[in-house]
Amino acid sequence: MSSTYGECLKLSIFGQSHGAAIGMVLDGIPAGLPVDTNALQAFLSRRAPGNGEYATPRKEADQVEFLSGLADGFTCGAPIAAVIRNTNTRSQDYASLRDIPRPGHADYTAQIKYGGYQDVAGGGHFSGRLTAPLCIAGGLCKQWLSLQGIRIGAHIASVAGKEDLPFDALSPELDAVAEDFPVLSPKAGNEMRKAIAAAKADGDSVGGIVECAAVGVPAGLGDPIFGGMESRLAQILYGIPAVKSVEFGIGQRAAACKGSECNDPFSIHSGKIVTVTNHAGGILGGITSGMPLLLRCAVKPTPSIAKLQRSVSLSKMEEVSLKVTGRHDPCIVPRAVPVVEAAAAIAIFDAFLADRREIRR
Amino acid sequence: MSSTYGECLKLSIFGQSHGAAIGMVLDGIPAGLPVDTNALQAFLSRRAPGNGEYATPRKEADQVEFLSGLADGFTCGAPIAAVIRNTNTRSQDYASLRDIPRPGHADYTAQIKYGGYQDVAGGGHFSGRLTAPLCIAGGLCKQWLSLQGIRIGAHIASVAGKEDLPFDALSPELDAVAEDFPVLSPKAGNEMRKAIAAAKADGDSVGGIVECAAVGVPAGLGDPIFGGMESRLAQILYGIPAVKSVEFGIGQRAAACKGSECNDPFSIHSGKIVTVTNHAGGILGGITSGMPLLLRCAVKPTPSIAKLQRSVSLSKMEEVSLKVTGRHDPCIVPRAVPVVEAAAAIAIFDAFLADRREIRR
Amino acid sequence: MSSTYGECLKLSIFGQSHGAAIGMVLDGIPAGLPVDTNALQAFLSRRAPGNGEYATPRKEADQVEFLSGLADGFTCGAPIAAVIRNTNTRSQDYASLRDIPRPGHADYTAQIKYGGYQDVAGGGHFSGRLTAPLCIAGGLCKQWLSLQGIRIGAHIASVAGKEDLPFDALSPELDAVAEDFPVLSPKAGNEMRKAIAAAKADGDSVGGIVECAAVGVPAGLGDPIFGGMESRLAQILYGIPAVKSVEFGIGQRAAACKGSECNDPFSIHSGKIVTVTNHAGGILGGITSGMPLLLRCAVKPTPSIAKLQRSVSLSKMEEVSLKVTGRHDPCIVPRAVPVVEAAAAIAIFDAFLADRREIRR
Amino acid sequence: MSSTYGECLKLSIFGQSHGAAIGMVLDGIPAGLPVDTNALQAFLSRRAPGNGEYATPRKEADQVEFLSGLADGFTCGAPIAAVIRNTNTRSQDYASLRDIPRPGHADYTAQIKYGGYQDVAGGGHFSGRLTAPLCIAGGLCKQWLSLQGIRIGAHIASVAGKEDLPFDALSPELDAVAEDFPVLSPKAGNEMRKAIAAAKADGDSVGGIVECAAVGVPAGLGDPIFGGMESRLAQILYGIPAVKSVEFGIGQRAAACKGSECNDPFSIHSGKIVTVTNHAGGILGGITSGMPLLLRCAVKPTPSIAKLQRSVSLSKMEEVSLKVTGRHDPCIVPRAVPVVEAAAAIAIFDAFLADRREIRR
């Protein structure tokens, strides 16, 4: 498995934070699908570093170069390969991390797994920077899903406990989401910004929750058991660094409900079968119901903080205190929003490709 | 994907609730691993129907027959196939469900996906009964993991909002879990039982949360990005019907934390590197840290309730009211406990098989 | 990989020659495909042991029992599981083989790989008997392909150097193939029979070649590079025990040709693009051209012979002479014919399911 | 499947003949394996175009750039991505091919599959140029296999019917193979050169056979049925354009043998179990026996010839005559030799990674 995902499409993500380049190969895409590279670049800019006062000062243009898979603006049936060159690298920031692992990072586990051969600079392959190629693949899938009338959007549901309004489960307000700091409620957005600024001033960081919705998803996507939409989505969403919880519909709240409260009654609306509520988040038995698909991901606070922390020296086998230097976001939740959209788009497009109902016909 | 899971091992689950049999094929298992069929049968009995006052009255012995893969009590290197015959079937209970889907069930989505060809009896392939073959595979993986010093246990963390004590994140009390109604606090267990009885008396059902822990997991299992332990575990855990949330460590609570609170400081304990806290649930960067692996799954209330519900007639395209008959659990959480253990065992054993560090040597 | 095959469909084959049962699980099949169990049983009888004077005297009815995946005679979208009980087992024939491996068999390599834990009886999982479940899957795929106008047939191209007429590469005579001893030329068939009888009388065995053709295959199936039809077909054809060569079209003869001789010129025939010759065997760049798909498999002689052979005692590490007892075919080529058809049908149906051209529309 | 291969390793190949670049991603490789980039470049130069009088005049340095996966000369555990820029492109040569498909090429089948969206320049993704990234992956695997004492070599077994000496099946003369025009018999090599020169002078092309051997392969690699070494090797070998036959050991000749001739008797040689002959090519039941692994691939003559050929105009639906311009090899067999080695190395290293016998210990 490692860095490869997909049933019909095969997505392979590569690169290290301070290596020559990061990128992806997306195989299994039908020929003849249009690609809008400007729209893709705009999508990528939503997660690019160096946006706004709260992000890392590391500046990366994240300019995408397509190496293969396109001809005259359409997919040509060959695997799509795209790369982003790493331009602004400072590997000297990280030399000491081979000996003293940063709490909350993969430094220690990578050291154990790779026996010291891992690329430690900037977290190497574990860096949040690897979400950029995920956004290349996801941005493309979003474009292709929109051709099928499927639209995906997300917003910051909470930061440091400050909560935005939730999506309307029956008709999520995808267009109401501001792109610079994506929330539904400007007032909630301001409270979140204050919390981020406070954490930054304190040399600390904060986490949050991203809520994502997909509308126009036809009923019948997904498969039983391990191929259910929750399994497909959770596998890729947990591929996003810092995600520690994934839930669908009312998710964890279902545990405290009665069946009579949790079940979504079926009804008919303008000749179409719908559910009156959407506690299931548009998924029943792992298969889409035609109602909006709803999910939430909890993102832990950025582990890189300026505060003094306890760690150990692997060489000396003694406890030491560590001050993480380098350039870091006090809150990655805003930048995680397009990444969650991208991951959801990939999983949904893959399930769409895997759907073979027309064989019966 | 569908009903197949795994990287090194390949698990294929088959069967319908009221078909001839349910079963599984587990391929990719090394030869020479011992199999204790009595222990496996005992593990299966923990999720078998007809246990205790709150479970469905449908009685099934769930007697496992191995068709292949074993020789003289050890795995022989060939795929392991095992079946459970369905004995106590009542398909006449379900005839009407082809026309009137049950809220909260897969009846409607299966109808759309399979165009009426699906086996509706008892939910067919979507039935919770398919967790029995999952427990065959998981029960075997649990035995083989124990040979590696890896132990897995779970308990009912909550039912209807009544909360059990949580596992100690540094040393989960796996042995303290009662097997008949697995909780850490007998007092909490009694409150849960009352809530279940009340729901049953009311023709309703209740949900809950299962907490699972694995101890003795070596550091270094799992892979970056899509092959991370969270991705591996979430994909299979979401294969369990009714699971709507999966979280690791402090999970969703991380969203409201500061980095300085969430990070687990490294320390040295009796010559071994440990973390002082275990908010990460034993996983950093998708790779196990050597600390206990901790996860929680929210299980929605059984959708089959005796209360009158709103649904639609697919043939008449009109709204109708529905009273679900048949035999159902007012709360499936107790029976879900071994299933979560089984799913976790499969994912961890697969990651263990996938670990190739010795190649360097 | 092991005993699992497929891209869109997932075929898992299990069982040992003298175990409780052999069988298969076929996952990923769309719902609503009809299944003719009588036609399937008739197809299986073509490879069943105990047919005709030259086959092993071991009698097996090879009665298929479907455990799941069907409802009312159609696929229901759930994995299809089917088993054949082993009835006529004689494991005492094989006890000594754990120490003295039979030349040409997997006894030695299985001993090394499985460290003595393998099931040696009748070759265990390596037995030709495992081609029966392959024929269950292939027989089903043949039925479904025929609904798409795709027909598959094969014949004995040679036995012991005695050659049948080849298929007409532009219009293979699928219907001309006799089913009891499938050849195009009765005269060649008689010579083959004589060669088999002579080998049997001599306590020896003979090999041969199976030629297989598929007509009505639409142009455009298959994928570039590793997903080409040759790759897909060769992977599964080499899953048939005793196959040592797989070639397509003129195959090995292409090596001695000039490009001007080997290329198939394009032409137009009744408004349809065709090739004037079919040296490519209906595959260009790994993708079907719409011309008949043609392949040949060389089958080595049955390694089990009555003649005295040289082997070694693994326990004593000394050379010994071995006389293989038990019940064996002097020539398995006739029984291999339906197996090759089955393997081809599985690969072609999988490629058919994987074809997603309609996405553009 | 498409352009992705592997069980434990995941190889994804991308690029078009005249696109920006060609390349590969190799995922699933353990960390800590050394990489000799000079040796790799030397290996690639063996298949590079523009070598010698008989190759295409298209000059490409085939300079490899590693984008990820390496740190300080060792694998770092992250996916290895490498690209080769296309420098010497002449897409105007190919404009007409969208309308008039070249016999023996994928032009027509690609047109049908991709509906005109395929990249036609130089055959696009179907170009033999895509064997360069295959050689990057294979060259790396060859280096890593040599660390395990496994050596792989190949030679031109025949061109235009002129036959080289075969490898000694018990101890293949890997070192005796000349690298510029790899044959065992210089005399045979000269006859082959003459045949190629004659074909070139005639505006024609010739095919041939590549024989490949691997020595030092431990017994026990490979899996039953679809995971057998023949299946693994054939799948990737058929990913090489122009390969139309793959056989192992004596291959097709086994069809005319008696069992008493074909079986390889076991014997003991200096305390090691060996076979007296090696007709099986080092594979029994799909699993390596410890004897040299032997295979042969038939390569059809280059379809691009200067001679006038018959084809059709897809737009006018009329027959036309076609003269293929551009730069082509009169014989690709010499350049195919390292490609076959590369493919074999990938399959064997993947099987080596998949071998989990130590779990028993």
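All chains are identified by letter, namely A, B, C and D, in their written order; residue positions are counted from 1 within each chain.
Just so it is clear, contacts are C-beta pairs under 8 Å (C-beta built on N, C-alpha and C of every residue); 3 or more make two chains touch, one makes a residue touch a chain.
None of the values given here were measured: they were computed from a predicted structure.
Colleague: A-D versus A-B: which interface comes out with more C-beta contact pairs?
Modeller: Between the two chain pairs, A-B has more contacting C-beta pairs.
Colleague: What is the chain whose Cα centre is as far as it gets from that of chain C?
Modeller: Centre of mass proxy via C-alpha means gives A as farthest from chain C.
Colleague: Would you mind pulling out the distance in Å between where the CA atoms of chain B average out and where those of chain D do?
Modeller: That gives a centre separation of 45 Å.
Colleague: Which integer distance in Å separates the CA centroid of chain A from that of chain D?
Modeller: The computed centroid separation for chain A versus chain D comes out at 38 Å.
Colleague: Mind checking the centre-to-centre distance between chain A and chain B? Centres are C-alpha means, answer in whole Å.
Modeller: 26
Colleague: In chain A, which residues are in touch with two or more of the other chains?
Modeller: Answer for chain A, listing residues that touch two or more other chains: 2-4, 13, 31-32, 77-78, 110, 113, 115, 117, 125, 224, 354, 357, 360.
Colleague: Along chain A, where are the residues that touch chain B in the complex?
Modeller: Touch list, chain A to chain B: 1-5, 7, 13, 101, 103-106, 108-110, 112-113, 115, 117, 123, 125-126, 130, 158, 160-161, 199, 204-209, 219-220, 223-228, 230-232, 234-239, 241, 243-268, 271, 273, 275-276, 280-281, 284-290, 298-305, 307, 309-312, 314, 317-319, 354, 357, 360.
Colleague: Would you pull the chain A residues touching chain C in the complex into a rising list?
Modeller: Within the complex, chain A contacts chain C at residues 8, 30-33, 77-78, 224, 353-354, 356-360.
Colleague: Flag every residue of chain B that touches chain C in the complex, lowest number first.
Modeller: Going by the criterion above, the answer is residues 2-4, 10, 12-16, 19-23, 25, 27-28, 31-32, 65-69, 71, 74-81, 83, 110, 113-115, 117-119, 124-125.
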